[in-house]
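There are two complexes below, and they share chain A, which is joined by chain B in the first and by chain C in the second.
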Partner chain A sequence: MVSMSGLSLGQDDMKMIGAGSYLPLYGSDTDEVFVPAFYLDVYPVTNQEFLAFVKANPAWRKSKILGLFADGSYLNTWLNDTTLAVEMDPNAPVTNVSWFAAKEYCDCQEKRLPGMDEWEYAAMASEIQANAQTDSVFNQRIVSSYETPKTYSQPVGSTYRNYWGIYDMHGLIWEWTFDFSSVLISGESRKDGQTDRNLFCAAGAVSASNLMDYAAFMRYAFRGSIKANYGIRNLGFRCAKTANK
Partner chain B sequence: MQKLQTNNMTKFMGLIVLTMILLSCQSEKKATVQYQCPMHCEGEKSYSDPGICPVCKMDLVRTDETQLAAEERDVSDVSIFNLSSKWKTQNGNSIELKDLRGNVLVMVMIYTSCKSACPRLVYDIRDIHDKVADPSVKYVFVSIDPETDTPERLKKYARDNQMDGPQWFFLQGSLEDVRVFANVLAVKYKKIDPQVFSHSSIISVFDKNGVLSYQREGLGENTDQTVREIQKLIVRD
Partner chain C sequence: MLKIFQGIFKIMSVALLLVMIACSQEQQDAATIRVSGEMQAELVAPPMVPEPVGSRPATRLKVELEIIEKEAEMANGVRYVYWTFGGSVPGKFIRIRIGDEVKVTLKNHPDNKLPHNIDMHAVTGPGGGATSSFVAPGHTITFSFKALNPGLFVYHCATAPVGMHIANGMYGLILVEPEGGLPPVDKEYYIMQGDFYTKGKYGEPGLQAFDMQKAIDEHPDYVVFNGKVGALTGDNAITAKVGETIRLFVGNGGPNLVSSFHVIGEIFDKVHIEAGSLINENVQTTLIPAGGAAMVELKVEVPGTFILVDHSIFRAFNKGALGMLKVLGKENKAIYSGKEQEGIYQPEGGTIQEMPGENAKTPKAESLSQRIEYGKQIYSQTCYACHQPNGEGIPNAFPPLAQSDYMNADVDRAISTVLHGKSGEIMVNGKTFNSVMPAQNLSDEQVANVLTFVYNSWGNSKLEVKPEQVQKVRSGH
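Up next, the complex of A and B:
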């Protein structure tokens, strides 16, 4: 009984991201997007946490997962279904997880994957500013982190804590978002990679509103190039939760 | 006293509801799962938790594993019939994708208020339908705008396009299930404003077991290749 309120809230490891508007790189051209308040995990989901999840949910172990939900790289660095490789830090972010598995993990915690706008909105905060989009030092640091190899093997919490109290939004891994597949930046990846205007209804919607934000450009390009069954070495996730109205 | 009891009862109900939510991920299987040594070192002795056999130290296996395997064998692990999402048809009926099993499926994601690419896609589908001319093939349109595209609206769209009959399915799902389904098909879409979505123009062909067999990307492509792929699948089991 005592633990009931704690369990049902389940937000000890989450922080509230206050409502606000921001100008996304892509979307409704120049319109700012309003992001309602929501909760976001303080840290990315770790190897250890994901291990506990697959132990409790055998269908999501790497030998059991449906081919529909993950390609061959799903948890492919793990020793076996329920053991991490020796060199893996249990507190490092889990990676090589498909979008389907990430979504299931969050659903199981009574959470959900953050929307892309939610993620971008929370990620534009530096240590001291809710919106550091124009802070060139902050943006330069993000771009530099993208060029640093193997950051995914470091434990969560090893980078900076942002304005909202959230760690590692940049610098460790890239993260799945619920609607990553709403990025229509190029033609289908199996084609030539050039924007094929015939491929998309309302194709003209693709226009960068803030090309200065090179780091954001890289994230959107990445999202536009991946599929939900992919497992990628530097791609992990964290969960979000809608704030009570 | 009366008040105290009511209060306790409320807490008790709350706990039941909470327990149900917490167990939801492991579904109903949890209650019946038992584990046994694969070598039957201790005869038919079973355990309620996974672990190792105290005699031969081998990992215990689930007693329902063989039965599970048999149930799942006939559905390929890449089949869309593994999806448990529920959909409403243009006739207001509830279906799951696996209800379409045994038919070659041609699927496309559209929305009815679409003015640009969708009419072309619909035209191509009708062209494919006429060339294939086989009533066993089902044509499935999944709406990417389920908030607008109610069964009634989908019914009207089907009628307006002369696509209302047993071969045609127009499906409304939840926002979440639509995104999951699109991700299975690698179809991308984004709501630009209340009336406009931007989306990939992909026609997907599935064999009778729900396995994706062919995709045609883009508009203005010839439909002949798609027709040939469908014809190959019709004669295959």
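Up next, the complex of A and C:
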């Protein structure tokens, strides 16, 4: 955090994620997905950044936002339209934001929300490896962090910096992705293996034996439980940008 | 002959068919039970249970469960982040009756990190409700079902990864009472076993993370009743009075282990096997599957503390699967006497310390030095283990023979001790000892030798004990 003071977390604070292939949870052994190079925000979007956004865009204030775009929990811990609650750290990630609001925020920055494959690809990097899927210590750490309560109130940058130079991919909050709802989890997780072979094949559900799969199961389950107008205390976002070819 | 068998088989088939029809008939009937009115279910945290449904008619029953992820104590100094239905492990006890139309509302607390759902084994329908109850943090969801089968059922979370949600404590029991309710008893309690997998070993202090690998390997660090070590012991013990009949609703959340539920010092008068309709009687230990339950009834006849265990016994004494039932009231000596008498067991002729061949060819000592030499051999074979190489004894257990005031004060008493053994309290060199020395199967010559050795060693009085002296003491008794 000390290293962050004086830094402005603006548009330029992104890092390039190098192109590569990865095996998504829902794929079979032969279905590696190629992820082209892209830029990703180093930190999740903070309360103070989102505050600046709603000040500049009154339509996205909590009293003004259309019900279609956000449910009752949108920014519901804020004191009012343009004031954070006293106990909120301005540098903590913004949460209780809907997918629509997150998307709009990124659009305004001339960025976009990362795709789920992009996000998963960037998130499988540990401090030292681009692909730490087989690092049991790293994966146990992720699973444990998902169980740690109230991490959303910590400032951004307070967890680890990964191989690409990106902070807080695990350990602070869940993050919206552009196509979060493309994996259809019915809620009856034990059945998903059979009903939707493309996305959650039986092999993935039944024989998941490494810990990375378990952490991923938790993320996919979370994504399956939410709708685009939801605001959730542990759910924030960061933006991405397509790299110039 | 074959014809007869076929005939019997046919009759049996028809009988079986009739039973099956009867069963589906019962379900059919339950489905058509009319409901009247509407009420809020009273949910109760373990080890207590809500009031019996009694004879109330079937109704529209609202059940509201709040899902809370929270840190709590697993054992002394050991913390764990539990995922709970209602803030406790196991979750709140739900009590309904057959034919009730139950509206279940799940509320996932906004501070929670994960989505959850509920699979109730009492529900007839896809996923036991899981397909219809998947709920994100900060949201609520509602589904309804009609209770068609009576019995005691497990409910649990079935969100991926299912094992982890269960391993963190997301299970509880729902009781569906039959028409007219269960027979009344004096006391009812709610107990649920679960296995837990922590990063640190059993007892390692601090906040312990869930260990997925141990869970996959099925190597739990904790096997406990009601979510933590000691949830049902000491001041938390369940209680009853002599003469009362107790019903225990016992579940097993798993995720992995099967429970061999047993109450030490009691016999279950009745067990609803696997919590179904079949009743077994006079059962010592009942098996409770993971994701299953049992209803057991016992009448307590005598006072005392009765220990509840998983009789896979290392789980009880090394992993926490231990609870207590404290029964107060008057003793009944006709049923259990308590300790009546305690004594030393000395078979005919004393507790024999066999030394094959010794007796036959004990050399006769010609001098004091020879007597000491022979005595030393006997000492090193017979006395050494307790009284130690230099007669120092073992504090609080075996008295010293070195500089022993007790020995030096009375030689006949020493001879008698070797011949007849000794038990009870004695004072040696200012210290009290209270243990048992068995009688020694030695000849007069051998007793004389070994005592002479002792009296001539380690600062004792340098007395020589003669075989005739030993003979005199022996015949004097």
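Worth pointing out:
What we mean here is this: the second predicted complex is superposed on the first by the 204 of 245 C-alpha atoms of A that agree within 3 Å, B and C clash if a C-alpha of one lies under 4 Å from a C-alpha of the other, contacts with A are read in each partner's own complex, and residues count from 1 in each chain.
Simple rule for what comes next: a residue touches a chain if its C-beta (ideal position, glycine included) is under 8 Å from a C-beta of that chain, and two chains touch if they have at least 3 such contacts.
In this text, all values refer to a predicted model and were calculated from it rather than measured experimentally.
When the shared chain is aligned, no partner comes close enough to touch A:P44: not chain B, not chain C.
In the superposed model, A:Y214 makes contact with chain C only, not with chain B. When the two structures are aligned on the shared chain, A:P24 is found in touch with neither chain B nor chain C. Using the contact criterion defined above for the overlaid structures, shared-chain residue A:D179 touches chain B, although it does not reach chain C.
In the superposed model, A:E147 makes contact with chain C only, not with chain B.
Using the contact criterion defined above for the overlaid structures, shared-chain residue A:N234 touches chain C, although it does not reach chain B. Residue contacts after overlaying the shared chain place A:P114 against neither chain B nor chain C.
Counting contacts as defined above, chain A residues 187-188, 190-191, 205, 224, 227 meet chain B in one complex and chain C in the other. Remark: chain B residues 11, 14-15, 18, 21-22, 24-26, 76-80, 82-83, 114, 116-118, 179-180, 182-184, 186-193, 196-202, 217-220 touch chain A in the complex. Only residues 1, 4, 7-8, 27-28, 56-57, 66-68, 99-100, 103-104, 107-108, 110, 178-179, 181-184, 187-188, 190-191, 196, 198-203, 205-206, 224, 227-229 of chain A touch chain B when the two sit together in their complex. In the complex of the two chains, the chain A residues touching chain C come out as 73, 136, 140, 143-144, 146-151, 174, 185-192, 205, 208-209, 211, 214, 217-218, 220-222, 224-227, 230-235. Contacts from chain C toward chain A in the complex involve residues 69-71, 81, 110-115, 117, 126-127, 130-139, 158-162, 164, 168, 199, 209-213, 216.
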